[in-house]
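Heads up: the structure comes next, in structure tokens.
When the chains are written out, they are named A, B, C and D in that same order, and each has its own residue count from 1.
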Amino acid sequence: MSKLMPLEQAVSQFIQDGDCVYAAGFTHLIPFAVGHEIIRQRRRDLVLARATPDLIYEQMVAAGCARKIIFSYIGNPGVGSLRIVRSEIEAGRLEIEEYSHFGMISRLQAGATGLPFIPMNPTAALDLERANPRYRRVVDPYGGGEVVVLPPLNPDVAIVHVQRADRDGNAHIWGIIGEQKEAAFASRRVIITAEEIVDEDIIRADPNRTMIPGFLVSAVCHVPFCAHPSYTQGYYDRDNAFYLTWDQITESPEQTRAYLDEWVYGVDDRAQYWEKLGAECHDRLKVEPRLSKPINYGEY
Amino acid sequence: MSKLMPLEQAVSQFIQDGDCVYAAGFTHLIPFAVGHEIIRQRRRDLVLARATPDLIYEQMVAAGCARKIIFSYIGNPGVGSLRIVRSEIEAGRLEIEEYSHFGMISRLQAGATGLPFIPMNPTAALDLERANPRYRRVVDPYGGGEVVVLPPLNPDVAIVHVQRADRDGNAHIWGIIGEQKEAAFASRRVIITAEEIVDEDIIRADPNRTMIPGFLVSAVCHVPFCAHPSYTQGYYDRDNAFYLTWDQITESPEQTRAYLDEWVYGVDDRAQYWEKLGAECHDRLKVEPRLSKPINYGEY
Amino acid sequence: MEYTASELMTVNAARLLRDGDVVFVGVGLPNLACNLARRTHAPNLLMIYEAGVVGARPNRLPLSIGDPTLVSGSTLVCSMYEIFSLYLQRGNVDVGFLGGAQIDRYGNINATVIGDYDQPKVRLPGSGGSMEIAAWANRCYIITPHQKRRFPQRVDFRTSGGFLDGKHQRLESGVRGGGPQAVVTDLGILEPDTSGKMILTACHPGVDG
Amino acid sequence: MEYTASELMTVNAARLLRDGDVVFVGVGLPNLACNLARRTHAPNLLMIYEAGVVGARPNRLPLSIGDPTLVSGSTLVCSMYEIFSLYLQRGNVDVGFLGGAQIDRYGNINATVIGDYDQPKVRLPGSGGSMEIAAWANRCYIITPHQKRRFPQRVDFRTSGGFLDGKHQRLESGVRGGGPQAVVTDLGILEPDTSGKMILTACHPGVDG
């Protein structure tokens, strides 16, 4: 059953004001084009969950989409801080819910597997457990020690960018696979964006590569270059220069607004955005092929 | 660091009398050649853990290697019962520790992830929980309901058959991936048998396909056709005829002994066993290729 | 038209499936029933095998639940922990099929042992996936030949729970699935009444109800 | 021979690594130290990145911990849940590197907040992977510039635990890792005494101890 639709329609139909959104991807495959479409459609009061809010949530926070963030690391990876997220928190204008990476991902794992809570070994660093009442403790019924536990995270919508998907939403992902699978299984609705929409035969030629089954998926959108300035393994490089530039842009609210006006509100969609980035950028992010060897499943 | 050695040496060096052994593989990749080598080396008092003991453990039980089995389904898949295992249990000569599939695999998951226990939702079927004291209950600290919990399973040795591994033990597996990864991470030692020993470049050309990292591995053995009468996806078919024949063989202890004498004690190694199976069998189990498409990791 | 009892059961089981159902399939009759449904009234039926295979398109009839023909050309293959947790425990499975040596009037099933657990008269294969399938699939169907010895008042061991000692007990237990919706036998179909008791609701042609 | 303070720290950090160590690597200086060690005295060093990459062989210096150059040509890529559970929580990591805004004398680190948690003076990035690395890696090394404001008596927030209020407390807590084994700064190296206090044990050339 084809779920193929334009991204504009998917966002309008499946993301509502007040929703808890999980835009998946640890550094890799971050679905920036969806963030920008959410900004253009002026969603409000979103709860933005991601291990690393990264520039995608910083832009959504700057555009006024968010009421709260759920996270485990609010930095600009390899560069420094997320200035806007940081100042909004310091000003008390953005609600936070904070975990370590393992705590955050464990909540998704519990959500994905249908458990009411998930145990972790204690870490002896108690301040975050004290600061966030969702952290609790349970006695190990075998040894008498304790484990730290967290409840499931079940977002309203997961947004997952993939290398290739068929029209039903069955998706192949490779490279860093972060928490895409867990986010998809944990969430009530799933929006897939893909660099390529392929015939189901391509998916079925390598079923061990499929991370998300189509029956979970609400919408499949064909969005090449969706992840820029993040990257898609094998398709284009991470735009490290932009991550550095963003640090300068966010030095002033005016510059930030100007960026959003020009690059988000000022374009209709990702195709226009990519076009606008220009040939120099396209060249810089181009990737030479490095192919895996095919494997033999056998004709049975 | 190469860990390549003959299977005979790996079994002699890494499997001791009394060990808890987990020969991994759900129907697929069952390491029969290792079971036979253990029988030849006359190991005793083993605790044999596997979701489905299958013919491999039945043969080891028949040969007197086992003190106890840990399992979740003791049948000859698609055929009927495991006559010897069943009669040894009925006669009180074989200790058992029983789970459901999910309970069994959950114990491995806890063992692999370093947790003191793992929760599962209750099933309302209480008799197995009552029969096996390792099943316990813990109150959900969020909702007030209960979860069923099990402690980790940490075998002394995991035996994992794979399509291809490099000399360090980094292994690619595809097709049904059952519980190989969990068994390897849960166990104190890991023996890898492989249809092919490949250069590490083959492994590194597709890192998302690697399920077991070499640093966990004690020994890597090159054992083509290790899995017969089970199968290796893409390499040879399951010998369904033998699964039916075994049901007849085990109708009498004499026939069973004769089988072990001829096919286990009577051969030196898997190469001889495969040779002895003969051309008709080789032909019958041959598989025509059905290849995946290569994927592009990109040259970064 | 001539047909065997087993063919009739297969057709009756297939009719219970709805288009779009996600089905946790066992080998044998359930596998046949699913393939029949998919080729007739339920083209969007999705078959999941406990070996970790989703969307299989087998070219031949598999003997075992982990046959390689289930893998080649399927949509997705994952680990056993994943198939039981992400799919079954998470509530993504609509239909499960069950069978067993004994079934009581509330649809509780024994596949473990005849007699005492510690000193069994007959040791059966045990739960496999059925304990959790019975609990967490939205709907379960039990397929079994209609022999008297298979339908005792009380099963010797509850390998998987149906309505326990009555429908209210299953509801109170809080398990997510709806429990057994029908027992398909070679004589007819039994369905639960309001108390969860399995009542004969259809007789096959030629059977004296 | 001329060198920068950062180069000196890199060399000193590299010297702490042993051949065969499995190291949970962060970007920046730890990444450089590991690559240096691997090319000199520790050819069998195995680098694991929290993004889920094992055995990376980067062709270029990665800006972020999830750079694609870490993936192409690596040995294994897995999910974040797996890297933190199968590798770190399971006890498969020998060495972790840590840094932070504040470090106290027992090697407890603050990377979360300056001032009050609910009304922060400065909001820092938070734990990321460090809370669990500090707890479960066999040995931890802290790398930081030697500035007075970074070494308060007590950190404002314990993002990751060192020896807590003394070595016995860490032992009693039951966490598996051995805690911080050294603090490497641009001035020298500090190591824990028997009580877990970090004591200057080596001064770099030209530094007045």
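In this section, contacts are C-beta pairs under 8 Å (C-beta built on N, C-alpha and C of every residue); 3 or more make two chains touch, one makes a residue touch a chain.
Please read these numbers as outputs of a predicted model, since none were measured by experiment.
**Q** What chains, if any, are shared contacts of chain A and chain D?
**A** Neighbours common to chain A and chain D are B.
**Q** Show which chains lie in contact with chain B and also with chain D.
**A** Looking at chain D and chain B together, the chains touching each of them are A.
**Q** Of the chain pairs A-C and B-C, which one is connected by the greater count of C-beta contacts?
**A** Answer by contact count: B-C.
**Q** Between chain A and chain B, what's the gap in Å when you average each chain's C-alpha atoms?
**A** Once rounded, the distance between the two centres reads 37 Å.
**Q** So how far apart, in whole Å, are chain A and chain C when each is placed at the average of its C-alpha atoms?
**A** 38
**Q** With centres defined as the mean C-alpha position, give me the chain B-chain C separation in Å.
**A** The mean C-alpha positions of chain B and chain C differ by 27 Å.
**Q** In angstrom, rounded to a whole number, how far apart do the mean CA points of chain C and chain D lie?
**A** 52
**Q** Of all residues in chain B, which are in touch with two or more distinct other chains?
**A** 114-115, 120-121, 145, 174-175, 177, 181, 205, 208, 233, 237, 287, 290, 297-300
**Q** Indicate the residues of chain C shared as contacts by at least two other chains.
**A** 53, 67-68, 71-73, 77, 85, 89 - these are the residues of chain C that touch more than one other chain.
**Q** So which chains end up touching which?
**A** Going through each pair of chains, those in contact are A-B, A-C, A-D, B-C, B-D.
**Q** For a test of understanding, state which residues of chain A touch chain B in their complex under the given definition.
**A** Contact set of chain A toward chain B: 114-121, 136-143, 145, 147, 149, 151, 163, 172, 174-175, 177, 202, 205-206, 208-209, 233-235, 237, 287-300.
**Q** Using the touch rule from the top, collect the residues of chain D that touch chain B in their complex.
**A** 22, 44, 46, 53-55, 57, 59-60, 67-69, 71-77, 85-86, 89-92
**Q** So in the complex, which bits of chain A are touching chain D?
**A** 26-28, 51-52, 71-75, 77-79, 81, 86, 89-90, 92, 98-103, 105-106, 108-109, 120-128, 131, 145, 174-179, 181-182, 231, 233, 237-238, 240, 243, 287, 290
**Q** In the complex formed with chain B, which residues of chain C make contact?
**A** Per the stated touch rule, the residues are 27-28, 50-53, 62-68, 70-73, 77-81, 84-85, 88-89, 108, 112, 117-132, 134-136, 157-161, 164, 169-170, 173-176.
**Q** Quick one: in the complex, what on chain A touches chain C?
**A** Touching chain C: residues 1, 112-115, 170, 181, 185, 200, 203-205, 207-208, 210-211, 213-216, 297-300 of chain A.
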